[in-house]
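Take this structure, written in C-alpha cells, and hold onto it; I'll ask about it next.
By written order: A, B, C and D. Residues from 1 in each chain.
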Amino acid sequence: MVQEMAHPFSKYLRAEMMPHIWCTGCGNGVVLNCFAHALDELQLDLDKLVVVSGIGCIGRTAGYINADSFHTTHGRALAFATGVKLANPELEVMVISGDGDLFAIGGNHFIHAARRNIGIKVLCVNNLNYGMTGGQQGPTTPLGSITTTSPYGNIEHPFNLVHLAAASGATYVARWTTLHVRRLTQSIKRMLQKKGFCFIEVLSPCPEIYGRYNKMRSGLEMMGWFRKASVIDSFSDPSKAEITPERIAVGEFVDVEKLSYERMLHEKISKINEEAMEKVS
Amino acid sequence: MPKVKNILTGAHFLNGDVACAEAALVAGCRFFAGYPITPATEIAETLSMRMPELGGIYIQMEDEIASLAAVIGASYSGLKAMTATSGPGFSLMQENIGLAVMTEAPCVIVDVMRAGPSTGQPTMPGQQDVMQAKWGSHGDYGIIALTPSSVQEMFDLTVEAFNLSETYRVPALLMADEIVGHMWEKVVIPPMDKVRIVNRKKPNVSPEEYKPFLPDDDLVPPMACFGEGYHFHATGLTHNESGYPRTSSSEDQTRLVNRLCEKIQKNADKIVRVEEVMLDDADVAVVAYGIVARAALSAIKKAREKGIKAGLLRLITLWPFPEEHVAKVAQHVRAIAVPEMNCGQLVREVERAARETPVTFLSKLGEEPHTPTEILDAIRRAA
Amino acid sequence: MAENKEPQSKQEEEPRIGVYVCHCGLNIAGSVDCAEVAKFAGTLPHVVLAQDNRYTCSDQGQAGIKKDIKEHKLNRVVVASCSPRLHEPTFRKACEEAGLNKYLFEMANIREHCSWVHLHDREAATEKAKDLVKMAVAKAALLQPAEEAEVPITRKALVIGGGVAGIQAALDLADTGYRVYVVEKEPSIGGMMARIDKTFPTMDCSICILAPKMSDVGHHPNIELLTNSEVTEVKGYIGNFHVKVLKKPRYVTKDCSACGECVKVCPIVAPNEFDVGLATRHGIFTPFAQAVPSTYIVDMNLCLNKEGVIVCDKCIKACERQAIKFEMKPETQEIEVGTIIVATGADVFDPSVLPNYGYGKFPNVITSLEFERLINAGGPSGGHLIRLSDKQIPKRVAFVQCVGSRSDKAGKLYCSNVCCMNTIKDSLLIKEHWPDTEIYVFYVDIRAYGKGFEDLYKRARGEGVVFIRGLPAEIKEDKKTHNLWLIGENTLKSEVYKIRADMAILSIGLEARKDSEMIQRLLTLSRNQDGFFLEAHPKLRPVDAATGGIFFAGCAESPKDIKDSVTQASAAAARAGILMAKGKVTVEAITPIVFPEKCTACGLCVKVCPYNAIILNKEKKRIEIIEAACGGCGTCAAECAFGALTQSHFTDDQIIGQIDAVTEHDADKKIVAFNCNWCSYAGADFAGVSRMQYPPNVRIIRTMCSGRVAPKFIERAFARGAATVLVSGCHIGDCHYINANYQTQKRVERFWKKMEQSGLNKERLQLLWCSAAEGEKFASKIREMKSTVDNLKPEEIEKAKEVFKKALEGS
Amino acid sequence: MPERIRHAALDKETIKQVKTEIHLIKDECKGCGYCIEYCPRKVLEESDEINARGVHPPKVVDESKCMNCGFCTAVCPDFAIFVIEKPNEKDVKHAKS
C-alpha cells in the first residue's frame, strides 16, 4: 500500500474545497465520483463545461468541480442555466441539483426547460427529503415516510420523476441509484453526448437524516434497500416506474432525438440577421 | 459575430417602451428574457422582433423569477442582458435581484410602474415601486435606479443603465411609469459612434491567479465569463474573493456586504444625475421625478408668473439617492414640495436630506398624475 | 363449433362376436392354455366364433379375421393377445379392411398382463386369461361404431438438443421446408462430436465435418436456433404442441462480432468445460472457436457482477459494439409445433467412483474424453499427448475398456457401444504421431461389428497395438515418477499381468443424461431401467415415442456412434415429416357423449375439463363440447352426477360391463384395477415385458385416464363383492391430460372418507401413481393388495355390498 | 457440459493473473464502508486505527485477491481509495536493468 500518489480524479476537483461537507454514507460523493469518472472517460474540455446547481446538500457540487460553476438561488438553477446555454451554445451546461430544488420550488422551471428541449443536462440527486434543512418532507418523499415535517407519516403522493421528465419532453431520461455507479457513469456519458434536454435521477442515500427517521440508519442499509428493490427495466413505461419500498424501477426510459431549442433559435437568428443585413445594405 | 448596422439612428416618433427597446440594442444588449405584463409588454414585443435582426436572443420565460435568472445566466455567459416588467413581476424578481447583487452580475431591469398593490390597476400609472427598487430584496446592498420623464429619456437612460451596470457590476433599474412607457414622442437617436458605450472590465491575469471577487480600487472586481477558461465559482452564499462559500465567517460577511454597498455609495458622485430648473433664487423647490416632473415644470413656471420664486429639482437617478443635491437645495429654500404618484415614498428620503427645511407631500393615485394646478397650489401653500 | 355428438342409435342387430386367442408362439401358450381359453370364450354370450391360433398378428391371422367377419357376419371382434398399446392398431386396421368399424374391435391383454407375469402358475394364469376375455367380450357387446375427427398438424417442428443428431434432424426438416426450432442447453450447438478429435472408422477430423453443418443450422432461413435455452413446459398433443422455452440470458447481444477484446480484459479465469478443464477460459468467453452462434457469453456464476450491480465494467468498456448488456433477463418464448424430436444426447461415466483406477488421484490416469481434447490440435496441449504430471510425451500408453459399462458393480450393465472402436481409433492416432509408442488395450471383448470396423481393428493390431483380454483389477502409481502399474489377469493366458505405463486412458461409457427425467416428465415419455428413452416399439417403431408426434434421435434413446446418431436423426426427421406432410391427424373417437335431457347445466364438467373443451350455454341451459379441443380423458363423464355425460368407446355401460364380468365369480378374491392408458397401464405392460411376477388376482380395466374412473364404478365393484379396488394413474404433474388426475385424487380421497364413515376398511381401495417405467412399483402394489385380499373377512365383503347396493340399480 | 472436472488446467501457471496496488488516502475516509461491503473479492475490511476524522478507515486484508475491478475507486464518496494495476514482475526487472 502506497499513499503518496494523488487520486486519479483529483484534477476534476477543487483542492481548496475538499473535503466536501457531506455526511458519512451520503450518496452525493458517489454521484460526484461518477460525474468525475464520466468526465475522465469522455476527456471533456473542462473550459467549456459549466456546472450549475441550486440550493441543498448536492447544490454544493458546483463548488467542488474544477470548471466554471454557479450556485444559484433555490430552485432557479435551470432558469439560470437557460440564460447561460442560450447566450453561449458552445458551453456544456450541466445542472446538478436535488429533488426539492428541482421539483418543488423549481418544478415550474423544470417542466418548461424540458418542454423547450433546451440542451441542458440535468442530474437530479434524489435523497427523498430536504437534507440540508434537517429532513423535511418533500416532493419525492415516499408515502408514509416519517420526516421532521411529516411526523405522523407522509400523506402526499410523491412525484415519479422519470415519468414527469418524459411527459415534459426530455430527450433522455434515466434513473439509477448510487449503487449503480457503472451504469450511472455510462448514463452521464450518454447524456453529455446528446444534444437536447436530458435528465437523470439518482436515488441517493441520506442515512443521517432520512434514513434515521425511516429505519435505515446507515448508508449501507440504504444501499441495501437499493440492492433489494432495484429492478433494471430499461425502456419500460416510465408511468409505471413509481418508487416503492418493494420496487425501484431503474434504467434508461427515454432516448430520442429532437432538434434542441438553442439550435432552432440560433438557426432562426442567423437567418433573420442575414435578411436584416441585406435590407440595410 | 452578427453585424449591427441595422441599429436605429436619427429622429423617430416612438412610444416609451419601444424607445427603451431600441436603446437596449444601441447599448449592446443582446439578450432579453421576460414575461408578458402590462404596461411593459411592448418592450418584449419589440425585442422579440428586433433582437434576431441584430443576432441577439429573445426568450419568453415561464415567469419573472426565471426571466431574471436567465438574464443573470446570460450575463455570466458574456452578453449584455436585460428584462422588463411591472410591479407584480418586479416583486417576483426581488429574489434574483439579490442574487445579481451578490454575484455582481451586470444586468438591466426595466420596471414600467403601474398602480398597485398586487394586481392593482394594470393600465394605470404609478410610482409605487421606488422604495422596493432599493429595499425589495433581503439583506443590504447598493443598487442603481434611474427614472425617465420622457420618451427621449427612456432611450437615453436605458443606454445609461447598461453603462452603469457594466461599470459597477450591479443590476441597474430603469423605473419608468406607465405614462412614459406608453407615451408617443419624438426621439433623436445619435449615430452609433456618437453614443457612449461601456463594457465590463475583463481580468488581465492568468486563470491561475484570477480571483473572481477580488476588487480593484474602484471596489469592482474584473469579470471573467463562462467558457473563457478561468474555472471560477460564483455563489449566492457569502463568499471570499475566490468565490468560495464562507457561511460562518463574520469577517467575510462584513467585507463582502460592505463592499457591495460601498461600491455604489463611494461612486455616487459618478453615478447620480439630476436636473435643476430655476433653483438658484428659488424660495420653494419642487422635488419630482418621472412623468410628475413634467407637471411640476409647468407648475413652477406658472408660480413664477404669479411672482412665487419656485424651482424644480428633477431626480434622474433615484438610487443612489441624490442626497447632496437635495441637501444643497434645502439650504436656501423655505420649503420643498414633493409630488409622487404614491402614498409618500421618496418624500421620506427628501425629508431626511432636507433636515430642518419643511417638506410637503402631494399624493396622487389612479388614472391621472398631478395637474400643474395641483402642484401650483402646493407651491402657493408652501410659499 | 360445438357440433355435439348425440348418442348413436343403438345398433339394432344382435352383436355377433368373434374371439381369437393368440398363442404368441410360447409367449402366451407357455403359461396359458389358449385352447381352453378359446373354448371358454365360445360359451360367452353373443360369441358366435372362438378360436385360438399361433400368431394372430401374422398375415394369416389377420386374413382369418377378415374372412370370418365376412363369412360369419361378425360385427364385433375380440383378440386376446398382447397389449393393445402394441397391436390394437394392427387389428383395428384388419377390421376396417373387412368393412368393420374399427371401434367395434376390443383386445384382451393376456400376455403382458397375464402369461408373462404368471409364468409358473399355468392354472391361475389360464383362469385369469378367461376372465380377461370375458371382460373384453362384455365390453365388445356394448361397443358402438364411431367416426374419428381430424385434427390439423402444425407444420413446425421442435428439436430438443443441438448435438450432431439434433443438427441432422433439424437440417433435414428445414431442407424439406418445415420451420424448425432447435433448443440447446449449452451456449453453442455441436454437442459431444465437437469435442472429439477424429471419427472412426474413417479418421475424418470431427469438427471439420461438423462445423459446416453447425453453421448451416445457424444460417438456415427455416431454423430458429435457441441456445442457452431449456424447454420448460409442453402442453397439447400430437400435431398441436404448445411449448414454452426458457431463454437464459447470455448477457451479450447478437451485435457481438466475436472479436474477443472483452476476453482480454476479463479478470476472471476458470477451467474451460469444453476442454474438460484441461484449459482455462475467462468469465466472458466462447466455448470453442467454431461455436454457433459465435456470440460470446458471460458466466454469471463467476462474473464479479451480481444482483444487477456492475462492479466490474472492463468488458463493457472493451466492447466497441456495446454488445454486453448485464441487464438482460431470462425470457420465455412460446412456440407452437406439430412434432418434437428429442435429441438430448448422453452423459459420460464419471470414473472417479472407481477407487481402484485412481482417476482424479493419479495425474496420468485420464478419460477417453480428456484424451480427445489432448490429441486435438486445437486443444489445450496443441495436439500433443502429454502426461499431466510432467508434460512429457508418454512412451507406454494403456487403454482400459468398459470403464462404467458392462458391470453391475462398477457402472452400468449395458455395453456403451462406441468405446471399443473409439479406443482403436485413439491407439492409431497415437501411432500416427509417435509410431514407437507402446500401446496396451485391456478389454473384455472387442466389439468391432460395424462397417469398416474390423479393418480398423486389424490395422491397430498390425501397427503393434497390444490387446490384452482382462481388465486391470487396479492401477497403482509410483509416487515419484507418477508412472503407473496396471495389475490384472490376462483371461486368455489365465496369468496375472503387472504392466507399467506412463499413461492410462480410461475408456468411459455413455450413460443417460441426468436431466432426462425432466424431459421425460415434460413430454410424458417412458425410459428403460438404464434411463434411456423408450421407443414405441423396439423393432417396428424404433424412433417413435409412445406419445404421438414425438421422436428420438441420437444417444437420448441409447448409446450410439456418430453414424448411427445421424442415421436415426434422419429417420426421426422423416417420421416427423410424414405427419407434417399429411397436415392432419385423426384423433380417436373417445370424446364425450352428451345426453341433453339429463343435463342440469350444473357446470361441474366445465370446471374439471383440463382443455376447456366444454362450454356452458346459459340460454339453452345445456353444455356444448368443442371436439377439436377435447383431449379425451373422460374426467367430465366421471364428474357428472346425473349421467348426462359419458365417453365414447369408454362408456359407463361398457366399463360396468367389464366390472360385472370380473365380479361374476370369486369376486371376493379379486382386485379390480383401473389403469390409465399412458402411465399405469404401460407400467403394468412393462412389468410384463420385464417378466416381473405378481399374484394373479388382479383384473385390469383400461381407461384413457384415471380421471375417467367414476366413483360409481368403484361402488359397483364393491357392491358386487369385489375384495379390493385399485385406481392407478400417472404421477401428479405427469398427467397425459394436463391435470385430470387431480380429479382422480379428489374422488378417491372422498371415497376413502365415505368408506371410513360407513365403517369399511379403506385399505380395500388403493390409489397408485405409477409411471410407464415403474413396472416393479405396480407389481409390488399387487403383492401388497393380495395380502389385503387374503386377510379380508367375509362379513366385510357383505358389509360393503350392503353399503353400496344402490350402485346396482339401473343398467 | 455435465462431466466433472478432475484435472488442473495445463495453462494454469502461464495465464496472466491480475496484480494490483491499492491506494488508501486514509484521512479522507469518512467510514461509510461501501468499499468494504461491495468488494466482490472481500479484499478490504475495517481497520482498528482511527483517522483524522475519527473513523476506522479500511485496511487491505489480501491484495492478491484483488481483481482490479475498481469498484472501490468508483463508489467511494470521498475519493479516499483507488487501485492501479501493477506492472508484472518482468517489466519491473526490465526497468531496473
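One rule holds for everything that comes next: contacts are C-beta pairs under 8 Å (C-beta built on N, C-alpha and C of every residue); 3 or more make two chains touch, one makes a residue touch a chain.
Keep in mind that what you see is a predicted model, and the values were worked out from it rather than measured.
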Averaging the CA atoms per chain, pick out the one whose centre lands closest to the mean of every protein CA shown. A
Going by the contact definition above, tell me which chain pair has the most C-beta pairs touching. A-B
Centroid spacing, where centroids are CA-atom means, of chain B and chain C in whole angstrom: 95
Per the centroid of Cα atoms for each chain, what is the distance between chain A and chain B, given in Å? 37
With chain centres defined as C-alpha means, what is the inter-centre distance between chain A and chain C in Å? 60
On a C-alpha centroid basis, what's the spacing between chain A and chain D, in Å? 31
Can you pull out the residues of chain C that are in contact with at least two other chains? 309, 311
Check: chain D positions touching at least 2 other chains come out as 38, 71
Could you say which residues in chain B touch two or more other chains, in rising order? none
Which of the chains are touching one another, listed as pairs? A-B, A-C, A-D, C-D
Sites on chain A touched by chain C in the complex: 179-183, 186, 227, 230-232, 234, 251
In their complex, what parts of chain C are in touch with chain D? 186, 267-269, 271-280, 304-306, 309, 311-312, 314, 347-348, 350, 352, 359-360, 363, 366-367, 369-370, 380-381, 386, 388, 391, 513-514
Of chain A, residues touching chain B in the complex: 14, 16-17, 46-48, 50, 52, 60, 62-63, 66-73, 76, 79-88, 90-91, 108-109, 112, 265, 268-270, 272-273, 276-277, 279-281
Given the complex, residues on chain A that touch chain D span 1-3, 5, 7-10, 13, 18-20, 22-30, 32-34, 37, 178-179, 181-182, 185, 218-220, 223
Within their complex, state which residues of chain B touch chain A. 2-3, 5-6, 30-31, 33, 51-57, 59, 61-63, 65-67, 69-79, 81, 95-96, 98-99, 103, 226-237, 242, 244-245
